[in-house]
Amino acid sequence: MADLKVKIGALEFKNPVLTASGTFGYGHEFQDFLNISRLGGIIVKGTTLEPRQGNPYPRMAETPSGMLNAVGLQNKGIDVFINEIYPQIKHFDTNIIVNVSGSKLEDYIAVVEKLNHLDRIPAIELNISCPNVKQGGMAFGTSCTSAAEVTKAVRAAYKKTLIVKLSPNVTNIAEIAKAVEDAGADSVSLINTLLGMAIDAETRRPVLSTITGGLSGPCIKPIALRMVWQVSKAIKIPVVGLGGIMNATDAVEFLLAGATAVQIGTANFIDPAISEKIVDGIGEYCTRHNIAAVTELIGALKI
Amino acid sequence: MADLKVKIGALEFKNPVLTASGTFGYGHEFQDFLNISRLGGIIVKGTTLEPRQGNPYPRMAETPSGMLNAVGLQNKGIDVFINEIYPQIKHFDTNIIVNVSGSKLEDYIAVVEKLNHLDRIPAIELNISCPNVKQGGMAFGTSCTSAAEVTKAVRAAYKKTLIVKLSPNVTNIAEIAKAVEDAGADSVSLINTLLGMAIDAETRRPVLSTITGGLSGPCIKPIALRMVWQVSKAIKIPVVGLGGIMNATDAVEFLLAGATAVQIGTANFIDPAISEKIVDGIGEYCTRHNIAAVTELIGALKI
Amino acid sequence: MKKFIDDLTVCSNRKLNNDYFILGLTSVKPLPAMLPGQFAEVKVENNPAVFLRRPISVHDVDYAKNILYLLVKIVGEGTRTLSFLETGNTLNLVYPLGNTFTTEDVKNVLLVGGGCGIAPLLYLARHLHNLKIKTTILLGGRTETDILESEAFRQYGEVYISTDDGSLGEKGFLTNNSIMAQITNFDRLYCCGPLPMMKVLAAIAKQHQTDCEVSLENTMACGIGACLCCVTPTTAGNKCVCTEGPVFNVKQLQWQI
Amino acid sequence: MKKFIDDLTVCSNRKLNNDYFILGLTSVKPLPAMLPGQFAEVKVENNPAVFLRRPISVHDVDYAKNILYLLVKIVGEGTRTLSFLETGNTLNLVYPLGNTFTTEDVKNVLLVGGGCGIAPLLYLARHLHNLKIKTTILLGGRTETDILESEAFRQYGEVYISTDDGSLGEKGFLTNNSIMAQITNFDRLYCCGPLPMMKVLAAIAKQHQTDCEVSLENTMACGIGACLCCVTPTTAGNKCVCTEGPVFNVKQLQWQI
């Protein structure tokens, strides 16, 4: 049995399989379907300083091999997370990572300062790439200057592992990753959703209440894979890869492209047990290919 | 029967359905499958000053609801086009548009100067967005300055209708469209392919000889539709929309989003008769919805 | 309630008419406990146009025969593909999902189903019958072929029918059916059908101060409260229809009625 | 040659073994003229993992019965889905595509097929037989189950067999088969199979100055010369395998042999 452990900064993961923010709730929603402690980590829903109601319904559209969402960071706010949700999930024997979202720099700071105190939260994922909120969100993630600025400020305020989640809706994602690395991030994760749109030709209306939304699922995998490859060549800190991973083979492709770990997003909706199956599948791939440690696969693409 | 005619600048199209460059050869490849004179127009393969051999094989990878290509502008050069291909296709009773590609500004100019003289070529599509060539190509299309510069120079050299084809691999496509409009283009077409990548996990090698390639097909439709919508709101010149159109409903969605005409690309590979069927389908949609002229649909999305 | 992801086996596929069919699904294992109003997220195989699961209500459960019934209306690619299922085929379900109708403190109730909206009501009727609650059923639709399973409902109570074109039962909207005159006799209305129909009904119920529960059908991605795509505005903010619904008391909803 | 896009009807699906099957396809219209070496672009339905058509060679045509045969090896999702086709099902083909083997100026030829590479060779053998050209057939594969249709080939000429494991015919690589000793007797070799096998064969042919035609299997998107995805380097630059091939004389190719 191959050694599946990977590390991001000082943080160790029992395997490279995490679940993506916004697609796995707070974990307990999936407890009937899989053993959460078998996962490398779970990244909980985007959490903001204040509670948010998100966008109006409809928030979802199915697309070829994918979906658009326009949830818009609906969440109960950091205080409810800390007081009500955290106590329910902190016993999970896995890395629980909070996806921190916001519209203002001060909000990010306020949230991460509170997270510093939670023992069982060893890392945050800083979401500077949400396409579904009017202010902030993706705006931070589409220029090097603002991405660096917010990373630097959060780095100063947050003591533990800092992963910054990048937007794919940019001309040069490697440049932004470099800026974020220089600003002190321990890791970058990519990709968040691509900005897309769906129209109902019969009613001549947009399908989503917000007109545009975030595209996810296997349709975006080729783009995500390309970006992970570009970014992992450009920076030295570990890359967490995601975007359309549906099975262990997809996950291995991201590792080969340079990812140290992967996240499973939309696939959780199709098969709520998939993340654990992907852990097993990566193990089987290693065995079949005589690989002793999964770290051997990272960036091992033969050019 | 609805009036399907649309106009781009001074140029009239019998209907809004064109075929996309690189997916319809020079038209005659499809003559056994459909009546080319029923199409609004055909856009021939990217043509450069000198002949090009393109990239090495393999050039193609299938992806979820799409494909990657890395053809790399293989073509026989403008002189062979003019002397050998043009005489074979000029009798087609449709608008024949040449997709002009290149690596250097002077090459673009040299090509369009030659095209000025071809009676049966009423327009060119300036490709500043090919992701599959090392120099030039997409580089021109990813900054406002270079996009404007090449458009301005070509505008000065080319007398007839000038459509500029934009790259989706940018942070703000509306900005680039605006720059191109200001530089004198008659129209913009979008989107070209998205830069993607495919990996064979078993061999641990990239599937394409060039590692990355251009993603097309229904998987990119939500992104294309969003960009067409954003661009058509930002500029006054007509937009030609494409990206994953597989049927008449998809085509209508692009018109509603703001496109004056559409192009059919990858769909030609799945059904070589599809373009003509889409002409019929748009007609039927108009009849069913009591629309007298297809122009009523352009940008008619109800917000 | 524990949720499962299971491959069930199609044991029957009964075509009601061109638009509707009922799937019978069985398993080698005993089916789990399911409540009226709950639903399953069904995986549609072999159709490139379908990516996400499709939510379908528990129409009925025969625990003796270990069969779960789903009543489905063909509206698009997913439901069309399900209609082709044959005995022996496999169907993957994530289930049972969602909450249930409340049956406390009632003695005399009216079930109102519009078209395919009857899907969750048959199992509810069976349940109410077992609880010895007096049940009346009102079925409505555009035309005769939209009136489904009226015979099955008759096992559990008196059945009233309305069709817009008068081809079956009373002519006119279901909300104008003669039984509606007795609305104040009922402790609660349970309603499932097209949104406009449910809203009119809820308005009438409100006017007569009759309690009313509705089952909503928002578009869903996960069905288990993870994606937050399926929300409906309630007095307590946006709530997920898949976990805090699909059944809501209209008092909880922000309907302008 | 005129190309068609047609729905054909499956009239047989014969399983040769776990890996190979032969589809018989018929039509209400007479099948179009097809030449040996040509292929069809087949539309695979009902599988979300398959987006593009799949190129499959004309294995044989029975014009009397109006049946086209395709011999298919199961290697992935597309071919697996085709293997499930049943009599009466419809299969959409774009065909006939590509060029053909040249049969001019030859009197005595050797057909060499490795595994699934025999697919285009049976129809070629039939064609050569009709032209009264003496035909010898050499079939090779890893093991017994890779040797396909040897009885059908025997109608048209003498058949030699090699398997790597010796389970059928001579033991060893096809390129070491005893018939290869007579290579100079043949005016031309026609070869289809795995690329490495074809290259070794082409090298041997070159060494003996024997003419050699090979059928290539590049990945294709359109099959009709429109996408330029399927190129192979030739002495005259990159050529599309789908229109200027799949059959090439090895002299045209840039093989390092």
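By letter and in written order, the chains are A, B, C and D; residue numbering begins at 1 in each of them.
Rule of thumb we're sticking to: a contact is a pair of C-beta atoms (placed from the backbone, for glycine too) under 8 Å apart; a residue touches a chain by one contact, two chains touch by 3 or more.
Predicted model, so just to flag it, every value in this text is computed and none were measured.
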item	value
Furthest chain, CA centroid comparison against chain B	C
Mean-CA-position distance for chain C and chain A (Å)	36
Length of the line joining the C-alpha centres of chain C and chain D, rounded to whole Å	55
Chain A and chain B: spacing of chain centres that average the CA atoms, whole Å	34
Residue numbers of chain D (touch at least two other chains)	48, 50-51
Residue numbers of chain A (touch at least two other chains)	61, 63-66, 217
Topology of the chain contact graph, where touching chains are joined (line, ring, star, complete, other)	ring
Pairs of chains found to touch, sorted by chain label	A-B, A-C, B-D, C-D
Touch list for chain B against partner chain A, complex	61, 63-66, 68, 142-143, 169-171, 194-199, 201, 203-206, 211-212, 215, 217-223, 225-226, 229, 244, 249, 252-253, 256-257, 285, 300-303
Chain B residues touching chain D - in the complex, by the definition given at the top	22-25, 29-30, 32-33, 45, 53-54, 56-67, 69, 71, 74, 217, 266, 268-273
Sites on chain C touched by chain A in the complex	2-5, 43, 48-53, 94, 218-233, 237-238
Of chain D, residues touching chain C in the complex	46-48, 50-51
